[in-house]
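Heads up, the thing below is written out as structure tokens.
Letters are used for the chains, namely A, B, C, D and E, taken in the order the chains are written, and counting of residues starts over at 1 for each.
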Amino acid sequence: MPLLRVEGLGIDFGGLRAVDNVGFQVEPGEIVSVIGPNGAGKTTLFNMISGAYQPARGAVSLDGEIVTGMVPHLLARRGLSRTFQNLQIFQKMTVLENVMVGCHLQERASLLADLFSTPASRKRSAETRAAALKLLERVGLDCAADKEASSLSYGALKRLEIARALALEPRILLLDEPAAGCNAVETEEIDHLVADVAKSGVAILLVEHDMKLVMRISNHIVVLDRGEKIAEGRPGEVSRDPKVIEAYLGVQPKEAGGHALG
Amino acid sequence: GATVSETGPASSLGDPEAKTLRMLVEEINAAGGVLGEKIELVAYDDAGDPNKARTFATRLIEDDEVVAIIGGSTTGTTMSIMQVVADAEIPFISLAGAIEIVDPVQQWTFKTPHTDRMACAKIFENMKAAGVTKIGMISGSDGFGASMHKQCLQIIGDYGIEVLIDETYGPNDADMTPQLTNIRGKEGVQAILNAGFGQGPAIVTRNYGQLGIKTPLYQSHGVASKAFIELAGPASNGVKLPGTAILVANLLKQDDPQYAVVSAYKKAYEEKTGSPASTFGGYAHDALRLLVDSIGRAGKAEPAAIRDAIEQTKGFVGVTGVVNMSATDHLGLDLTAFRMLEIKDGDWALAQ
Amino acid sequence: MLSVENLRSRYGRIEVLHGVDLDVRSGEIVAVVGANGAGKTTLLRCISGVQPISGGSMVFRGEPLQTVSAHRRVALGLSQSPEGRQIFTNLTVEENLRLGAYLFSDARVETDMAEAFALFPILKEKRNLAAGGLSGGQQQMLAIARALMARPACLLLDEPSMGLAPILVAQILDVVKNLKALGITVLLVEQNAYAALQVADRGYVMETGRITMSGPAEQLIADERIRAAYLGV
Amino acid sequence: MRLSSSKHLTLLVLAAIILIAPFGFPSNFYYRIGSLIFVNGLAVTGLVILIGFAGQISLGHAGFAGIGAYACALAPQYLGLHPALAMLLGTALSAAIAWLIGRPILRLQGYYLAVATLGFGILVSMVLANEAPITGGPDGHEVPELGLRKLLETIGLDLSNAQFWYAFTGLFLLAGTWLALNLHDSPSGRALRALHDSEIAARTVGVDVTRYKLSAFVLSAVYASLSGSLLALMNKFITPDAAGFLHSIELVTMTVLGGAGSVPGAVAGAALLTMLPQVLTVLQDYEHMILGLIMMLVMIFMPSGLVPSLSRLLRGRT
Amino acid sequence: MTELLQYVLSGLTVGAVYALVALGFTIIYNASNVVNFAQGEFVMLGGMITFFAWQAGLPLPLAAALAILAAAAVGVALNKLAVERARGAPVVSLIIITIGASIFLRGGAQLVFDKQLHRFPAFSGDEPLVIGGATILPQGLWVVAGAATVFALLYLFFTRTLTGKAILATANNRVAARLVGINTDYMMTLSFALSAAIGALAGVLMTPITLTSYDLGVAYALKGFAAAMLGGMGVPAGALVGGLMLGLIEAITAGYVSSVYKDAVAFIVILAVLFAMPQGLFGRKSTDRV
């Protein structure tokens, strides 16, 4: 059974069909990329899957359970985690705390226990702290752990979001342009990180304009244009698809520069 | 010591009170003080907040070591000061209207303003004489209005008068025509009574004129200065209210017992501050004069002695009325202190 | 045209620019590359005046910039497309562009806007919609178009290619080249270092608040250290 | 570890101040000021949780203080409850009301939330003022003696009334501060602070935003209610002003002046705004102008509030 | 029927007063997202300065103009001396600054002027106009006309002028506004001047009806704030409709239900509206995406 199945999903804004009749599925440990021109509906698709938007049509199911339009925190309990294209950082908290909040589901307890700082509550806090530090190390931010998050550079914030999303110990991870704002070398680090995570059995849904990265790590690619799925398949097939080249990659992808050449 | 509401919602009470106290203290000291010593006034502004009033009362007693306290412009502030003076055994003369302040009598608390109940009685007497048996009432929802409203309703039955319609307005409302329209539309209302102070009564009176209501309008003693007539405009002609001598100082006969006191105070206050003297300032005047008088009679400035002297006050002539205290009466005023006034041609006149 | 000397800047007590020297000559395209957190964005913010400096000097077209407030630097001909796009999300796309030309109210505003729409047709389609509803890439286009509306003599671009589809990345770089043809100077900060250096005349490499290398673009592309650290080849 | 030691340090300093200050008190009046600071500080600590941690503004918390206060005034009279029980009843009532109205109200954001809570506060004070036959109306209502002081006397602890209330309210404040500090660095506290910065991100990491907001609202209502009860019992008299709009504003002002997100800031803000009017009485007519001026100056020079700004300054030095 | 008409006329008069105060909030809010709690003090200054200038012998129109100018100057001073200096402070801190300013101005007014109630003559006399048996004061019409005019001007300002847009841009993203060449300090100063002037105008128009005194600011700021939120903060149409609605609800409740709880009913309606429309009647939802 696929971990994530999306069927006939659609939503409108005003008169605009931002996403229409999109369907695909993701298996555990698989990396599926969603690509498409700007405004194709990739982020909107993510927002629907993760419960930020209520889809107008279609269904999302997670591990066989229908979760269409379910509120995000319940999806989180079912193992769905994401990052944001428009960064959503807890600005006034420290970098470490940002990641610790990501561990919320493991560490949460009753309010009373927290108010009275019971030993159990303290122990959990200590555990999440250790776990969060490890994650920061993994994205290379361990030295910034006690800084206020608002003092990080853009690229660092992107990595912080990934660390926070991983803290959830997700079964499926939605990454929206994780490599934006990173140079080629940094992108490669993210590349390894994502591949690593996938290897541990986490399903990954990735939106990214860096074709080099996408082609290298995706098992499967879904191409959107104007809200509709125009192609789907293995990286090799998709990159040769004339529709995809015309709508997205440009006539001569190799010369187009861009992230493709990183 | 004094704590009055110079600012805040009750500032139209507290401000003249504070000014009066300051002026009189100067006057008294210029005349040599009491018992050969100058009196010292420590005055705080509690902004009408009972919690602050209590703090200031504590401060007056503990820090400033006063021998007596005047103040509590509102019933709420007075009530919270009463607790403190009772514990500290300091005489306290309140400037607020409620009857609860002196009924039941509290050992250390006195007051100079007549109770609202007396104002009500005065009004109802007048109504009864005019053959009014059914009235419409409109009251401010602030402390003054609510307290007077309550006390009027307690005694209204004694006069065979009935309230057919009972409306209220907020202290800062800009328009009372809906309430007055309702009163106007109520069958059988023979007179309207407005319990309130501040801007409310002026607006009620204007709206009353605007709606062309013909039933007579009674205001309360909360409308206590000349300014009211100006603010309310021509509609105030014919309005009746129970007032103190101060409002009609120029109409008092030379042989009126209060003539001398009232005109002296009025003249001094108006010269000093440039604003017209009001009933509320009169309360403070009486409180301070009474206190000074009592200290003189007590022969020493000790709280207990002063208290006893205040309690024994007889025939003290104040701006508000003639005061006769006793162990069972810590107010000492009777209905003669009120005069029924009517506004005629933009000025006060004694009502028939 | 623009010269920056020994520029220092701090956030609170932490200094992040430790004396940066940089020159941009008239009509040039200059690229600045560097790792995350090197201070590229801070540098651009200092130049456009929204970030206070704690030392050093900046001269633009012969005029010292330090004492000129941010909004007046726009009048002098400096215009920035900032990191994170910073569009007016509650205003419409058209209003965003109009405000880009805030200092002008002549007929050219209309033609400039038409040019912007020609450059990014999607913006024309969405001209009456709130800019906050645009997709990430569309917002990036808007930020660039808005910066162009100010008729800059020197354009500061902070990661213009971020979030853009490959076709558009190519297009943006073309635009940059066209600007050069029009005589507009461009200071370009890009993570996509390879592409940036390809269009640039000269380049600077920034590391933790310092310029560590500079030179003609081709020379930098060829440099082994740079290839390893930033181009990933 | 570092954080928790700073937590204990804060508590220790606060306890030390409460303990040592009386040695400098020339009269009972200072004990009263002290206890007023503690009572206000307690309510403000609640608001630090709500406004500072969770970022939800309330302009109606005096309403809960009013409920707590009038519970102590009315429950003994009508239900024959002991004042201490009445205090608990008031707390429970406030919590219940906060829970009920919090659900719909907390869906609102920013100023819309502010106006909704403002409406709640005004409703409460209006009921208290207008239902005169029960509440005594604007003239207020008496509150019975708590009686704990007498009890302490029998075991040989003889305190003056003012001293007793100083100690009693001081204990409450310490307890309130301890809880709030605990909360700050606990999972729940992090969740609250997270939803303050980004609700959507908090949701996606699994924070049940609605529930946490509601918890913070109820918790702060409990703090406010206790503070109201203490004030009523201390003054033995209460008027609807305690629930009034101005009192709500005053509480929020204390919160922000002290430093919205800072627990010790709550005490600092309460102390500043409670003491200032007392200090400024020497200026007589200029009192209000100076008070306003000081508020503006604090915010201009310490935009994030007394405690955060000062501690940043101190850290900058060392 | 006359009764209803009377309630409506009364409600419109009071509502227009609220609307004028609410409109005053709009500009500063639109420039900075700050609700200026000193707005009521501008209203107070408008009435008080007019009264004292008039009493000193100035003709009423001149006195009113002076009051509006003086209030605008106070607004500018408030921005220059306080708000601008607290640059970068969080919005709550700015709000506390405005609360401090409100206390300061009230304290100042009680010193400079006095603590009495005041009133100056209505512009077109006090003879009530009779409409179908119900009456309205001519001054009521002045207030309604004032509210309508200010609304129209503000509407045009924010939709048609570049300066209006620049003010919106300043609140929306201060850094970006500076990057496109907007002098954000000037925009703030302008918005304080305009807001204060509108507030003072409200004071001038309403004083013949409501009277004025040094401490009336808080009460009107509160009602104006509630009205603005009901309509949607920052939207001129919202301020107008919110104010009128609030006035009408109060009048009709006082007329038909109970005058005791008319304010309560008003707030309950506000709550009900907000639950259905969390941004008020005309409020815009913020369009930020994730």
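The criterion applied here is as follows: a contact is a pair of C-beta atoms (placed from the backbone, for glycine too) under 8 Å apart; a residue touches a chain by one contact, two chains touch by 3 or more.
In this text, all values refer to a predicted model and were calculated from it rather than measured experimentally.
Common neighbours of subunit C and subunit D, by the contact definition above: A, E. Set against the C-alpha centre of subunit A, every other chain centre is closer than that of B. With centres computed as the average of Cα coordinates, no chain lies farther from subunit D than C.
Subunit A and subunit C have centres, each the mean of its CA atoms, that are 28 Å apart. Note: centroid distance subunit B to subunit D, computed from Cα atoms, is 36 Å.
Chain geometry summary: the mean Cα position of subunit A and that of subunit E are 47 Å apart.
The distance from the centre of subunit B to the centre of subunit C, each centre being the mean of the chain's C-alpha atoms, comes to 73 Å.
Of all residues in subunit A, those touching 2 or more other chains are 43, 52, 84-86, 88, listed in ascending order. Within subunit D, the positions touching two or more other chains are listed as 130, 200, 287-288. The residues of subunit B that reach two or more other chains are 7, 141, 168, listed in rising order.
Taken in their complex, subunit C has these residues touching subunit A: 11, 14, 33, 35-38, 41, 83-84, 122, 129, 133-138, 140-141, 159, 161-170, 173, 191-195, 198, 228-233. Of all residues in subunit B, only 7, 44-45, 48-52, 54-55, 58-59, 61-63, 74-76, 79-80, 83, 87, 98, 100, 141-143, 146-147, 150, 168 touch subunit D in the complex they form. Those residues of subunit D lying in contact with subunit E across their complex are 51, 57, 104-105, 107-109, 111-112, 114-116, 118-119, 122-123, 126-127, 130, 200, 245-246, 249, 253, 256-257, 260, 285-296, 299-300, 303-305.
Touching subunit D in their complex are the following residues of subunit E: 35, 82, 85-86, 88-90, 92-97, 99-108, 110-111, 218, 222, 225-226, 229, 233, 260-261, 263-264, 267-268, 270-271, 274-275, 278-280, 283, 290. Subunit D meets subunit A in the complex at residues 4, 179, 182-183, 185-191, 193-194, 196-198, 200-209, 215, 219, 261.
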